[in-house]
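Letters A, B, C and D mark the chains as written, and numbering starts fresh at 1 in each.
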Amino acid sequence: MNLEPVAVVGASGYSGEELVRLLSRHPGVDLVALTSRQLAGQTMETVFPKFSGLRYSHLPFIESDVEKIVATGARYVFLALPHGVAAEFARPLVAAGLRVIDLSADFRLKDPVVYQDFYGEPPHAPELAALSVYGLPEIYREQIRTAQLVASPGCYPTSAIVPLYPLLKQRLLQPGSIVINSLSGVSGAGRNAKTDLLYVECNESVRAYSVPKHRHLGEIEQELSNAYGEAVTVSFTPHLIPVNRGIATTIYAMPANGIGLADITKAFQAAYAEEPFIRLLGEKGTPDTKNVTFTNFVDVAWRHDPRTGRIILLSAEDNLVKGAAGQAVQSLNIMCGWPETTALL
Amino acid sequence: MNLEPVAVVGASGYSGEELVRLLSRHPGVDLVALTSRQLAGQTMETVFPKFSGLRYSHLPFIESDVEKIVATGARYVFLALPHGVAAEFARPLVAAGLRVIDLSADFRLKDPVVYQDFYGEPPHAPELAALSVYGLPEIYREQIRTAQLVASPGCYPTSAIVPLYPLLKQRLLQPGSIVINSLSGVSGAGRNAKTDLLYVECNESVRAYSVPKHRHLGEIEQELSNAYGEAVTVSFTPHLIPVNRGIATTIYAMPANGIGLADITKAFQAAYAEEPFIRLLGEKGTPDTKNVTFTNFVDVAWRHDPRTGRIILLSAEDNLVKGAAGQAVQSLNIMCGWPETTALL
Amino acid sequence: MNLEPVAVVGASGYSGEELVRLLSRHPGVDLVALTSRQLAGQTMETVFPKFSGLRYSHLPFIESDVEKIVATGARYVFLALPHGVAAEFARPLVAAGLRVIDLSADFRLKDPVVYQDFYGEPPHAPELAALSVYGLPEIYREQIRTAQLVASPGCYPTSAIVPLYPLLKQRLLQPGSIVINSLSGVSGAGRNAKTDLLYVECNESVRAYSVPKHRHLGEIEQELSNAYGEAVTVSFTPHLIPVNRGIATTIYAMPANGIGLADITKAFQAAYAEEPFIRLLGEKGTPDTKNVTFTNFVDVAWRHDPRTGRIILLSAEDNLVKGAAGQAVQSLNIMCGWPETTALL
Amino acid sequence: MNLEPVAVVGASGYSGEELVRLLSRHPGVDLVALTSRQLAGQTMETVFPKFSGLRYSHLPFIESDVEKIVATGARYVFLALPHGVAAEFARPLVAAGLRVIDLSADFRLKDPVVYQDFYGEPPHAPELAALSVYGLPEIYREQIRTAQLVASPGCYPTSAIVPLYPLLKQRLLQPGSIVINSLSGVSGAGRNAKTDLLYVECNESVRAYSVPKHRHLGEIEQELSNAYGEAVTVSFTPHLIPVNRGIATTIYAMPANGIGLADITKAFQAAYAEEPFIRLLGEKGTPDTKNVTFTNFVDVAWRHDPRTGRIILLSAEDNLVKGAAGQAVQSLNIMCGWPETTALL
């Protein structure tokens, strides 16, 4: 396996930490830089004691500075930064010829109007958004292969798009009937010292939030619309639940005229039977976040409810792996021509 | 306050334990008997060390035997038993003139066909089911007052019926569009020594179950149909989440023609402004189970999503209190003519 | 029961919130003021949605200002403030003739040198510390009755002093052999927006901290020395564990010459058999925090290990109730001449 | 790397499952058999849905039968069985020339009298116990290399022996003063459908158990005595805490005459500086179970308390990895001449 120099910019949050965990075990990766505004000068093991004793534990964090990053010789750069900040780094890095995998929302939305609608401000680098590839390998594998800029999907969108995309692509569902209900572990909210995210506030607590218009909705609808071939608008409600990791998503939709459970099953088989990270649990299985945490799998199951006529889709993933860092590494594997499951199984 | 002799039959499960907790602090209750097949002979504090030092901690459990219960002089009896078993006790106790509050499913469903459909067996005492009152005080307060047999509602149904009932009653929603998504703490599954309910299996785990036809669905639809005046069929998906107590329910529905958020708000105000246990959090509030655990409150909030047109209803309750024991005590208070909040605030 | 006007100063933290929970149900208390620098102007239910619908839910927070507090007519004041700040309020309030129950560390340590040693600064009102009463009713009940200033004990100290005091008082243990190992829920660290206290950092984590010299050690040793009649120095290690509430303490000590398990049992019986909040689980029982959370009980059990000769003492309490707010209310009950268990059983 | 055929007997519990997780990623292992009395006939992915899609997910469980195991050609066998049962398998497997790594207690105690004392029955294969090697590589690496039967250590013993062994070996501590206080996640109690291990009973609960004589104490004392060169007797108290995985151990001991913190530090450096799985956090670090879960590391830190004179040792490990399956795989690596960290970093 050819060794590629890789940098992680903004490695102090949960997604950055998860990237470091995965890349430390990647046989093709030469991790040449970890950057962080606040942590520059500290070694990786000081910041993440859990990684002490691993391959890069003595690697020092450097400043999040474009020139310094380029100077490390990195050819691939992961951006694990807040939206807005990511664009500031992506622009010069892309200009310098590096290939960038961005985990923020900066490049996910192709339409600047949609970005403005969901983020309350104009996109930070719309010219790059137009060129970027949405980093969901199960849909955009070929484009990722040659992409210079990958916009790695959000955690909720991955859990919703994976089950819905093939069904909408084949027009098996009535798009106006789609209701997406998601439950996420607390790491999805980031390593932010906010009172609401304190242990005592989250433990023994369950709550919906951002009802009815969470930011990830724009991204979900963009991809569902792509699949369906016309604009799709859906309901989406995220909930915070007391686990560290994991998203469980339950989706309700009316089938298109004449469509039955067998059609759904067939569509899933056709789309995902060969996918290494999509596990089809079928018409009787039940996804459980504990089966996917610390893995890059998305588990998917489905039901038909004869009483209401609805199709019910169930998915589970790890928000930090398939929902963030793992999916980004999956893109890296594709970009580098490595086996797609490298460091992910 | 007049003192009434009360018995709890089958006090070894979580609902029974919660009844004991509430009744121990109830100024109108003279707890004359706790019964349990397995625990007969043991004192209450041996079984529930947490209640040691409280009023009835030395009360011995007796056999779950109708004659013995009647012999204690109890005039009010709570049944915290599995369905089927509850009916066996209710029949002779009612015949002996005692007033019974049953926490099982035996008398909740008025239609034997529906019971058969959801429980896979004929109802155990259909003649009593017909006479019983569904013990949701916010709807059936007057009937509870004089009832001899109260069928106390299930935990999920309470969390769904409370927000939906007044809106369907006034025909503000399209009933066919209703999707109910619920998240419950593990105590809802009872104190059963099953592998699936072990700490390690539930902690760091989230999963849907009983999709698409959980037993509580029959009960939900019965009451929603009562409200609407014709048969209502809905989708309902329960999920198990790692908390001890609490149910969070998120409901999606299309408003009836011409109905807006203000109508919803008005309907909630009209129905519940004076209710001591329904807290209306309004168009901006967000129910959180941590605000209702160990209380008899149901918190309710609502939204209109202009993008999809849907109304979203959010509720939170403690499955063991308003979803079980607390609601049963609320019925007792009504039956005895006591202030309805006695021992519950 | 005579009604007494009571204020809570600094009611925004976990201890303050717990005070509000307890006082809201107290038949002798007229809650006349809640104060908080940051929350002034907001109603209690806005700050604590869980208390909405309770007795004082519409009470507005006022400024934490001595004159304003005095102007409310309060005769009893709870201070739930950081140490240092508490002293600033206690001094004028005491001077104004109010009776003060302070939950901070400001008045617990009688010896200014010890305060300096453990808090790294001189005591903030040493003249008041000298006059104050250490608010552990099981030891200082009579002094509390007439105290003008009660220094309510820390959470860890309560869990250690309760089991050790009577044994040292009777010189049944070798004081130099005492090792105290404590495990505390995260609410003990306060409602502070620190990264270390985030859900994801505390969940699935167990860690010792402040080894070997936690601040509460000074307080523990002061009271053990009082019991023994000469200076006692002990080892004490606190650990943070992922529960909201609860402290479990395990203590190891060599018995004094000739002392056996029966002597220990006798001493506990003599000291605590009549105490309403000390539950003696004996030579075979095992305290479990889940039996004491949301109560004012301390559960105590003990063992003799014939292999090592050591006595092992086990205790459990709720750090926010008997370890903070409950114990403070217990003092209030004593000061007001009310039954000591009022609002606490 | 030469490929070795390996079997796991009794793979249905948590240790067995963890073995499967680790061996699935082991480049030297050809997993030829998984056995289980109850699960025979089912595939691995049916039993462990989380391993679906991994290397051995279609491997069927076979009967736990010695002849069948031998027939698979396995040369290395892990026994993840209850004590007593393990001996029944070990005897014929060893006789058949297979090399056995046993995770039960059957062969850990060399002295039959000690086994009888702690397990309440005679050892099941004392002749094998005498031949077996205690599988703690940091102490017995050379013996493990050629062992035919490895008795893999218990979870608590590993967490206590690792920090204490080198200090006692060099006689830096007074053995009679040693107090070991351990906190373990619930997986340590096994996948047993017992009421005490239900989610609701363990969540929001902390409790000591098996005081003062847990079964692992015999094993701890055996190894500490080996280190010290004469019989050592210690206090040990385990506690159950609400995490899935992880043991945190806090140890108190008086140093030998004239020994200071520098001597302790030197001894740890000398013993463990080169060990790949012992991370020395030093005089200021603090082990936290969250840094070691899902790894084979033991983190160790230490303090001197000038006030009491005591040395305090802190350790953290994952009870299922270094405390069970990981350590067993570490032994396999040594036995096979593979790099010791294979599949474990």
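Quick note on the criterion: a contact is a pair of C-beta atoms (placed from the backbone, for glycine too) under 8 Å apart; a residue touches a chain by one contact, two chains touch by 3 or more.
What you see is a predicted model; the values in this text were computed from it and never measured.
Colleague: Counting only C-alpha atoms to place each centre, which chain is farthest from chain D?
Modeller: Comparing chain centres, B lies farthest from chain D.
Colleague: A-B versus A-C: which interface comes out with more C-beta contact pairs?
Modeller: A-B
Colleague: Using mean C-alpha positions as chain centres, tell me how far chain A is from chain D in Å, no decimals.
Modeller: Between these chains, centre-to-centre, one finds 37 Å.
Colleague: Could you grab the centroid distance between chain A and chain C? Build each centroid from C-alpha atoms only and quote it in angstrom.
Modeller: Averaging C-alpha atoms per chain gives centres 46 Å apart.
Colleague: Based only on mean CA positions, could you tell me how far chain A sits from chain B in angstrom?
Modeller: Centres of chain A and chain B (C-alpha means) sit 39 Å apart.
Colleague: Which residue numbers or ranges of chain B touch two or more of the other chains?
Modeller: Residues 201, 203-204, 242-244, 288, 290.
Colleague: Within their complex, state which residues of chain C touch chain D.
Modeller: Contacts found on chain C: 176, 179, 181, 183, 201, 203-209, 211-213, 233-235, 237, 239, 241-246, 248, 250, 252, 286-290, 293, 303-305, 307-308, 310, 312, 314, 316.
Colleague: Per the contact definition, I'd like the list of chain D residues that touch chain A in the complex.
Modeller: Those residues of chain D that touch chain A are 25, 49-50, 52-55, 204, 276-277, 279, 281, 285, 288, 290-292, 294-295, 297, 299, 345.
Colleague: What residues on chain B touch chain D, complex-wise?
Modeller: Contacts found on chain B: 14, 185-187, 191-195, 197-204, 242-244.
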